[in-house]
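These are the structures in question, set out in turn.
Here subunit A shows up in two complexes: once beside subunit B, once beside subunit C.
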Partner chain A sequence: MKNRSWLKKNGWLILLIVGFLIAPFVISKFYITILCEAMVMSLFALSFNLLFGYMGQLSFGQAAFYGLGGYAVAMLMTKLQFNFWLSLVAGVGLASLVGLIVGYFCVRLRGIYFAVLTLAFGQLIFVIIFKWHDFTGGDDGIQGVFPPEYLKSIEAYYYLIFFVFALSTLVLWRLVNSPFGQTLKAMRENSERTEFLGIHIARYQLIAFVIAAAFAGLAGAIWVPFYRSVAPSYLTWIKSGEPVMAAILGGPNVFLGPVLGMFIMTFIHAYILGFTHFWPIIMGTIILIIIFVLPGGILGFAKEKLKEKRDIQNQEQVGRRSG
Partner chain B sequence: MAEPILQTFNITKDFGKLRAVNQVNLDVKKGDIHAIIGPNGAGKSTFFNLITGYHKVTEGKVFYKGSEITPLPAYQRCQRGITRSFQITSIYPKLTVYESVLMGLLAHRRKTLTFFPSAKKFFKEEVWKILEDVGLANQANVLGESISHGDKKRLELAITLGTEPEILLLDEPTCGMSPEETESTMIFIRRLVNEKGLTILFTEHDMSVVFGIARRISVLHQGTLIADGTPEQVRNSEEVQRVYLGGVA
Partner chain C sequence: MMSFDVLFNQFLSGIARAALLFLVASGLSLTFGVLRVLNFSHGSLYMLGAFVTYSVWKVLLIPVVGFYIATILASLIMGLIGILIEFFLLRRLYARGWPEQLLATYAIVLIITDIVKWGWGGEFLSIPRPPPFKGAVFLFGFPFPSYNFFVILLGLILVIVLWWLVYKTRLGDIIRAAAHDREMVSALGIPIPWLFTWIFVLGSIIAGLSGAVTAPFGSIALGMDIEIIVECFAVVVIGGMGSLPGTLLGSFIVGQVYAFGIMFKPELALAFIFMVMAAVLIIRPWGIFGRPER
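Take a look at the complex of A and B:
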């Protein structure tokens, strides 16, 4: 009985995992590539939403960490012939370290000031990489970043990305439901009340900031060897805006909201680019519609409807019992 | 006589040219129910803010259990056992009643840096005990924003109890409550003191509440302490009669 209700509740998840596992046998290479991009960008969006949806602070510089993860891998692998796996670890490490430094300043601020300072730091890091031609390749970026032989096929790398994405999602899921995640939500809801329960707000915000930077760095690090290159555009504020839109589209207050948002964005993007370059107009229109019609995002709206339905059912049951 | 748990020496707070609290010396004794009263703008809330670390003092010192806490930030004072409620009810709108109370316990018992186990597994018994004590158990899964005003006040009290305070500072604990809610809150506060040995320092507008439960009353007027004593002494003080109580008590 218990098993059956578990299956009923989590059946969609199992279906989804099976779907991802068999996808390379079913869909074309083009769409596998798009799936890879969607998963990597979803991980990026989840890292962003730890700050936005859970901690309640809008970061507009998250792409800096995504880009740093990617650059660390690209430079270590092409310039120093570093091991692929060690480079991934180094990419996460660099993003976390810079996250610690940037976060140290940002967590002192709230709201729009937090957003603007993350934007400023993000652009600062972008400019350093963009201008430092001798070291980073400047606007040429870095090409020829190849994964090891056994990961060179699209399918093999797809499974690596899926594994990293699934594991990271699980870790982040546990994190937001842990006492630490509860504390982030409490700070979002009422930082004054939380401080007066004995919580050092800035310290917790800094930890969350570093964790978010680490996962953004992981997303960038895993993407670059798949794409075989990295460019300064990975760190721009335009890139930082993508997880913001994904979160708003899918719903920042539902854990998987940003993932759904990113999948929709990535697939529509890939589809629309087939016949027009005016992609931003289409995306802008979609965001506009979402904000006015479904203010909690797609999953936020769905969750609310489900809850309403359940409440009505509960009331009917209570009514029947008392009647 | 019990020893003082909290002492202030000449604490003063200036906001620009305005002196909100002026050289107040006060002892709060352990296990007492101590009221701070005074007309609007007397400096009651500011005085609270100085003790809890919300504001920094301009001058003077605050001692808690014999050691100075004046330089400590708010969260450290709370970790040591000084917890407060706010005049304008301060709760978590989008957390459930249960999650809100759990937050106080997680914070106090230093579990907030636990990253992987589910928060729901922690302190179930303790949370339910507090919820039943304050009478919110039947609303455990309701969002903080959805409960009545009086219940929000009770929820804030419940959240603060999660931090297992030694001294609880309540800023207008019955403000906006119905007479029945006020009555039950008073009974509850008295019980906290008698059963758990808590010390209560509170401000209140409602004189029937003040004279109903306080064992000691201090009167602030324009930032200065003008009277301090038992309810009888304060009621009979001529100065208090003149500046504040008028014909009320």
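Take a look at the complex of A and C:
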């Protein structure tokens, strides 16, 4: 009995995983590529939402860590012929290290100030990479980043990305439901009270900041060998805006909200690029519509409706019992 | 060893840059001080102002005063767009959290980017320096564009006008009071929504004006919005958001750091600005003239 209710509750998840596993046998190479991009960007969006949805701070510089992860992998592999797996680790390491330094300053601030400071640091890192032509290739970026032979096919790399995405999502899910995640939420709701409980707010926020930077770095690191190249545009504030949009589109207060948002955005993007280059104006309009019509995002809205329905059912049951 | 005249030349170009930064950042800071909304789209109105100035100038082709007429027209058009943005978008969001307000202005950034791309294409445009600021002034034997003095002069005029407006007029009393306690001002019978609209319009006009005067400086191009807004963020974060003296000091610091940074290592001139910003934030997280806010 217990088993069956578990299956009923999590059946959609199993279906989803099976769907992802058999996808390469069903869909065309074009859509496999889009799926890969959607998963990588979703991981990026989840890392952002750890700060936004759970800690309550809006980072407008998350792309810096995404780009740093990508650049570390690209430079190590092309310039030093580094091992692929070690490069991935180094990418995550570099993003975390820079996250530690940037986060040290940023967690002192809240609200708009936090957003502006993350934006400024993101832009600083972008400018350094963009202008340091001798070292990073400047605006040319770095081309010819190839994964090892056994991962060169799109399908093989798809499974790697899926594995990394699924595992990271699981880790982040466990994290936000751990005492650590509860503490982050408590700080979001009332930082003064949380402080009175003896919790060192800055330290917790710094840890969250570094974790977010690490996962953003992982997303960038895993993407670059698939795309075979990296460019400074990976670090711009337009890139930083993408996880923000994904979160408000899908719903920042639901764990998988940013993932849904990013999948929708990636597929719309792939579709729209077929006939127009005016992508930003569409994105801007979608943001405005979501803000005005659907605050809380798609999943936030669905969750609320579901709750209302359940409340009505409960009331009916109570009414029947007492009557 | 660097000679005095080289340093002085660098200092003067820093002052010119500071004047331009103050022109843009003062509008941003004013809006933030009263509305408590950080307007991401301020840089976009600045960019649009530069493009509109170019088009008006090109259509008019009036000698001597053509540029100045275009500047005034572009500023007023940006003011009109400001009315639309405040009235139809921001006004509905004051009751909501700041993330929504920030995102709404970010959405405007994206929309204006595409409007400019659609309307003017992706090319670089330029306007020649208007008379009587075409030539160069020689200071210690170095040529110094006289147009820079026009920008510095304009910056000074704006400092005086804003100072007079904020500290010497009744509207200024209301502005300062509203920045301090919005509800109390409202309770005194002052229509806050209209105050907000006019302040936002004033900020937009300033954005348009600064975009217009930038036009003869260098090229008018896509991306100038992001470039300027990030530097303006540095200015207001260093000086303190919403503070007029803070914006002035922040502009001066950023302008000088940039001018001397370029002399020292051109690639990292912008990086130096952010380092100074980080240093200020360690000592005073709210900026030099700012006040803490929750």
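Heads up, the rule we're going with is that the second predicted complex is superposed on the first by the 323 of 323 C-alpha atoms of A that agree within 3 Å, B and C clash if a C-alpha of one lies under 4 Å from a C-alpha of the other, contacts with A are read in each partner's own complex, and residues count from 1 in each chain.
One rule holds for everything that comes next: a residue touches a chain if its C-beta (ideal position, glycine included) is under 8 Å from a C-beta of that chain, and two chains touch if they have at least 3 such contacts.
In this text, all values refer to a predicted model and were calculated from it rather than measured experimentally.
Q: Label the relationship between subunit B and subunit C on subunit A in the superposed model as either fit or clash.
A: fit
Q: If we overlay the two complexes on their shared chain A, which of subunit B and subunit C does A:292 touch? Say first, second, both or neither.
A: Touch status of A:292: second partner only.
Q: After the superposition on A, what does A:268 contact: first (subunit B), second (subunit C), both or neither?
A: neither
Q: Does the superposition put A:179 against subunit B (first), subunit C (second), both, or neither?
A: first
Q: One more residue to check, A:280. First (subunit B), second (subunit C), both or neither?
A: After superposition on chain A, A:280 lies in contact with subunit C alone.
Q: For A:121, select first, second, both or neither according to whether it touches subunit B, subunit C, the two together, or no partner.
A: In the superposed model, A:121 contacts subunit C only, not subunit B.
Q: Could you say whether A:248 touches subunit B, subunit C, both of them, or neither, answering first, second, both or neither?
A: second
Q: For A:132, select first, second, both or neither according to whether it touches subunit B, subunit C, the two together, or no partner.
A: A:132: touches subunit C, not subunit B.
Q: Quick test of understanding: once the structures are aligned on A, what is the angle at the Cα centre of subunit A formed with subunit B and subunit C, as a multiple of 10 degrees?
A: 80
Q: For A:189, is the partner it touches subunit B (first), subunit C (second), both, or none of the two (neither)?
A: In the superposition, A:189 contacts subunit B only.
Q: Using the touch definition from the top, say if A:197 reaches subunit B (first), subunit C (second), both or neither.
A: first
Q: More subunit A residues touched by subunit B or by subunit C?
A: C
Q: Once the two complexes are aligned on their shared chain, state how close subunit B comes to subunit C by Cα atoms, in whole Å.
A: 15 Å.
Q: Could you pull out which residues of subunit A sit against subunit B in one structure and against subunit C in the other?
A: In subunit A, no position sits in both the subunit B and subunit C interfaces.
Q: Residue numbers of subunit A touching subunit C in their complex, please.
A: For subunit A paired with subunit C, touching residues are 52, 58, 105, 108-113, 115-117, 119-121, 123-124, 127-128, 131-133, 236-237, 241, 244, 248, 277-278, 280-281, 283-285, 287-288, 291-292, 295.
Q: Enumerate the contact residues on subunit C facing subunit A in the complex.
A: Going by the criterion above, the answer is residues 38, 89, 92-93, 96, 98-100, 102-104, 106-111, 113-115, 117-118, 226, 230, 233-234, 237, 241, 267-268, 270-271, 274, 277-278, 281-282, 285-286, 293-294.
Q: Which of the residues in subunit A end up touching subunit B in this complex?
A: It comes out as residues 174-175, 177-183, 185-186, 189-190, 192-201, 204, 207.
Q: Name, in rising order, each residue of subunit B that touches subunit A in their complex.
A: Residue list for subunit B touching subunit A: 52, 54, 73-76, 78-79, 83-84, 86, 90-95, 99-100, 102-104, 106-108, 111-120, 122, 144, 156, 159-160, 162-163.
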